[in-house]
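Each structure below appears as C-alpha cells.
One chain, subunit A, appears in both complexes that follow, with subunit B as partner in the first and subunit C in the second.
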Partner chain A sequence: MINRKLAKVLSFRYKILAVIFLVLAGGLVVLPKYEKQEGILPEALLKNAVSSERYISTDELADLIINQDPSFILIDVREEESYKKFSLPNSINIPLDKLLSEDSNSYLNQDQFDVILFSNDHFYADQAWLICNRLDYNHIRVLKGGLNAWFNTIINPEKPSENQSVIASELYSFRKAASMYFGVAYPDEFKAKPVVKIIPKKKVIPKKKKKKMPVEGGC
Partner chain B sequence: MKELEKTKRISIAAVLFILIIIIGLLFYERPKHVYTVNSNDMLEKVIKADYFIALDKIDDPSIVLIDIRSPFEFEKGHLNGAINISTPELLKGDNPELFNKMVANKKVAVLYGSTPTEANNAFMVLYQLGFENIKILLVSLGYEQNKLITKNSIIEKNVTDINAFIAESQKKIKIVPKPKKRIPKKVIPKKKKKKMPVEGGC
Partner chain C sequence: MGPLIPNDIISHEWSYIIAILIGLAFGYIMEASGFSSSRKLAGVFYGYDFVVLKVFFTAALVSVIGILYMDYLGYLDFNSLYVHPTFLWGAIIGGAIMGIGFVSGGFCPGTSLCAVAIGKIDAMVFVGGILIGIFIFSELISFFEPIYSGYYFGNVTLVDSLGISPYWFVFIFTIIAIIAFIVVDIIRKKNKKIFYN
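Coming up: the complex of A and B.
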C-alpha cells in the first residue's frame, strides 16, 4: 500500500520535472535572436567611430611608399572601373560589395600587415572601416581625404606664399619631391629624359641635406 | 528501499539543476543596446546608398533634424529646428528613448555634421541598432563672419584625372628644352634667401 502511494507521488513529481524541462527547452529556442549580436559591443563601436586614430594623412602615406615600407597593404574600395583608371601604386581592389567575401577576408582579417583603406574621399573607406571594426579586425586604417587629398597635397602640392613659415616650405619641398617620385615632371627640374626616373629618388635626399645645412650654419 | 534512494537522489539533483538555472536567469542582465542588423545586411544597405537626402527637401514636417557635432559647434551655428545630439552621447542618457519615440511617431531622423562623412559614423551605429528611419543630409557647413554657410555636398566625387595630370606635365617637358639649363641654379638660392632671416633671429 505504502509503495503504491509513494509511487503515485513520485510519478507526479516526475511529471512536474518533465514539464519544467520542456519549458526550459522552449526558452532555448528563443535564444537564436541573439545571433545578430556578432562583433563588438555597440558602445565600443561608437567609441572607436568617434576617435580619429584610424586616419593616416597623405604625407605619411607618401613617406611609407617612398621608403618602400613593407608592412602595409593598400586597399582601394571603389568599383573596378575607377581602380583600373587610376589607383595608388601596389594597391589591391576590393569593391565595397566584396568586402565580406572569403577572398577579402584573408586580406582584412590578419595581424601581419597594416591595412590602409582608401577611396575618392574618405566616405566609403570610413563605411568599410566601420563594418570591419564591428567584426573586430585589427590594424585597419583610413586614408584621410582619399585620392582627392592625394592629388591636392602630393601630386599637385600648393606652393606656399613667401610669408609662410619654414615648416610650410619644407613640407612643400617634401611634397614636390614626392610628386616627382610618382611621375609628375617639372620643366625647371628636368635634365634628360632617361634619367628622369632615377633623379627624383636622388633628389629626395640631397634636397633635404641642402635645406638643413644653411640652418646649422646660422646657429 | 535502494530504488527509492536512487529516485530520491535523481529528483534532488534535478531540483538543484533547475534552481541553478533559475538563479542564472535572475542574474542575467540584458545588454543595454542590442544589434538588430548583422554585418552583411549593413554592407548591403551601405551599397544601396538610398539613405541620402538633399538640402532642399528638409522642409517636410515628418523630418527631425539632428546635429551630431559637439555642443560648442552647435552653439556657433546650426540649421533651423535642429536638435543637438553629439555622436559620443548617442547611446547615453535619454537619447535612445528619443530615437524610440521618433520611431513610434513615424518621423524620419536626418543626421548632419560639418560634412556627410562626420554624420556617417552616427548613421551606421544607429542603423545597426535597429533605427531604420534615418538618413544623412548632403550638406557641408562652413562659417564666414560667424554666420553658418551651407553648401550642397556630393560625396565621393573624383576631383581630377591624375593620370591625365601626370601625362600633361610630362608633355610640357618636351616643349621647353633650353631654359632648363639656367633655371636649376635659381631654385636653390631662392630657398637660402627664405631661411637666412630666420637664422638672423638665432
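Coming up: the complex of A and C.
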C-alpha cells in the first residue's frame, strides 16, 4: 500500500533538498569566524619536544665533524659579534631574530640535511628549535649544552679518575683525540703534533627535493 | 587531521588502492544512474534531459560545502588540498574540443568507459576515438607544447582571483545552482518528452 503522506512529502523532495543546500551554505556565511592555529598541532609539538631525537650530544657532533659527514648543517643562532669571535667549523650564522627571514628559510626548511642549532648553552638554540618545529621544518636538532658543553667535553675534556669505569676512560680518550683534531696541544703527548686545521667556511646551498606529484583525476 | 594521505595518516602506497575502490564506486553509481546512456548525456545539449548538469552541480556543491565545514571544524586542512594548476588557453581549447566530442559522441571520457563496461558498441567506437586522439596529440606534442604548457597561472582558485571570502562564494554559488536547476526544469518541461533508455 502506498503511504500517501510519505508520497505527499516526497513530491516536494527537490524543494526540500534545495532548502537544505541553502541552509548549509548560508550557515557557512553566518558561522562565527575564528583565527586558525598556524603550524603543527600542539600534540605533535609536545611529542617532538619530549623526543630524545631533539638533542645531539657534543660527542656525536665531534664524530660527525671528524668523519666529514656531509649530511648536516651547523647553524649558530648567537649574535653576529659572538659568531665572529669564535664558532664551530663550517657553521652558518643565523641570529635568533633573523630566523624567519627569507635567506635563512632555505637553510632551515629543507629535507636534505640535518640542521644542528647551537648557541652558548642550548637555551637560544631551543627557542629557535621551537619556532622551527612549530613551522613544521624537518630534521632540526639542538646541540645539547651548546658551545659551553663543547668546550667542557671536546676541547677541554675532564680526565677521569682512576677508580672510574673503562667506559669513562674510553670516552676520555675519544674526546682527547677529538680535541687534538680541533687543534688542542697536549704537552705530555710527545708524539702529538698540534695541527691547526683551518677549514674554510663553506656555504651549503641545499637543493630542494621535488615533492611527489599528487594523483590527478578528472571526469 | 586531514587530508589523510598527505598527512601520512594513510600511507602513500595505499593511494592507488583507494583510487581503484573510489573508481569502482564512481563507475557503479554512474551506470546505476543512467550515465552510460549517450542519449541521456547528450540531452543536456538538446534540452530534454538535464541530469548531467544537475548531478555535476550537486556533486560540486556537496563537496565544497562539506570541505568548508570540515575545514571549519578542524578535520581537514583546506590549504593543503591539491589545486590543479591553470593553463588558460590549454584549458579553453581542450574544453572546447571535449565539448564538441561530448555533443557529437554522446559521452564524456569517464562515462564512455562506463558504457564500454556494459557492452555498448557506440561507446567502444568512442573510446577508440579517444585513443586515436591521444595518439595524434602525443605525436604532435612538440607542436602543441607552447599552448599545452604555456599561459600558466599557477594553482589559482576563483576565490583567490575574485578576492572574496570562500564562504560567501559558496553561498552565491549555491543560489546560482538552484536558479540553474529551476531554469533547466522549465526548459525541459517546454520540450517534447523523449523516451529512451
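In this text, the second predicted complex is superposed on the first by the 153 of 219 C-alpha atoms of A that agree within 3 Å, B and C clash if a C-alpha of one lies under 4 Å from a C-alpha of the other, contacts with A are read in each partner's own complex, and residues count from 1 in each chain.
In this text, contacts are C-beta pairs under 8 Å (C-beta built on N, C-alpha and C of every residue); 3 or more make two chains touch, one makes a residue touch a chain.
This one's a predicted model, so the numbers in the text were calculated from it and none came from an experiment.
Once chain A of one complex is fitted onto chain A of the other, the partner contacts of A:Asn138 are absent, as it touches neither subunit B nor subunit C.
When both complexes are overlaid on chain A, the residue A:Leu28 reaches subunit C alone and has no touch with subunit B.
Legend: residue contacts after superposition of the two complexes on their common chain; A:Ser82 is shown touching subunit B, with no touch to subunit C. Contacts of A:Ser57 after superposition on the shared chain: neither subunit B nor subunit C is touched. Looking at the shared chain after the overlay, A:Gln110 reaches neither subunit B nor subunit C. With both structures placed on the common chain, the touch criterion links A:Asn90 to neither subunit B nor subunit C.
In the superposition on chain A, no contact is made by A:Ser101 with either subunit B or subunit C. Touching more residues of subunit A than its counterpart among subunit B and subunit C is B.
Taken together, the two structures place residues 14, 24, 214-215, 217-219 of subunit A in contact with subunit B in one case and with subunit C in the other. Considering their complex, residues 14, 18, 21-22, 24-26, 28-29, 31, 212, 214-219 of subunit A touch subunit C.
Listed in rising order, the residues of subunit B touching subunit A in the complex are 4, 7, 11, 14-15, 18, 21, 31-40, 42-43, 46-47, 87-88, 90-91, 116-117, 120-122, 124-125, 128-129, 155-163, 165-166, 169-170, 172-173, 176, 179-180, 183-184, 186-188, 191-192, 194-196, 198-200, 202.
In the complex of the two chains, the subunit A residues touching subunit B come out as 6, 10, 13-14, 17, 20, 24, 34-39, 41-43, 45-47, 49-50, 78, 82, 85-86, 96-97, 99-100, 119-124, 126-127, 130-131, 134-135, 146-148, 150-152, 155-156, 162, 166, 169, 173, 182-191, 193, 210-211, 214-215, 217-219.
Across the complex, subunit A is touched by residues 6, 12, 15-16, 19, 61, 65, 68-69, 72, 82, 84, 108-110, 165, 167-168, 170-171, 173-175, 177-178, 181 of subunit C.
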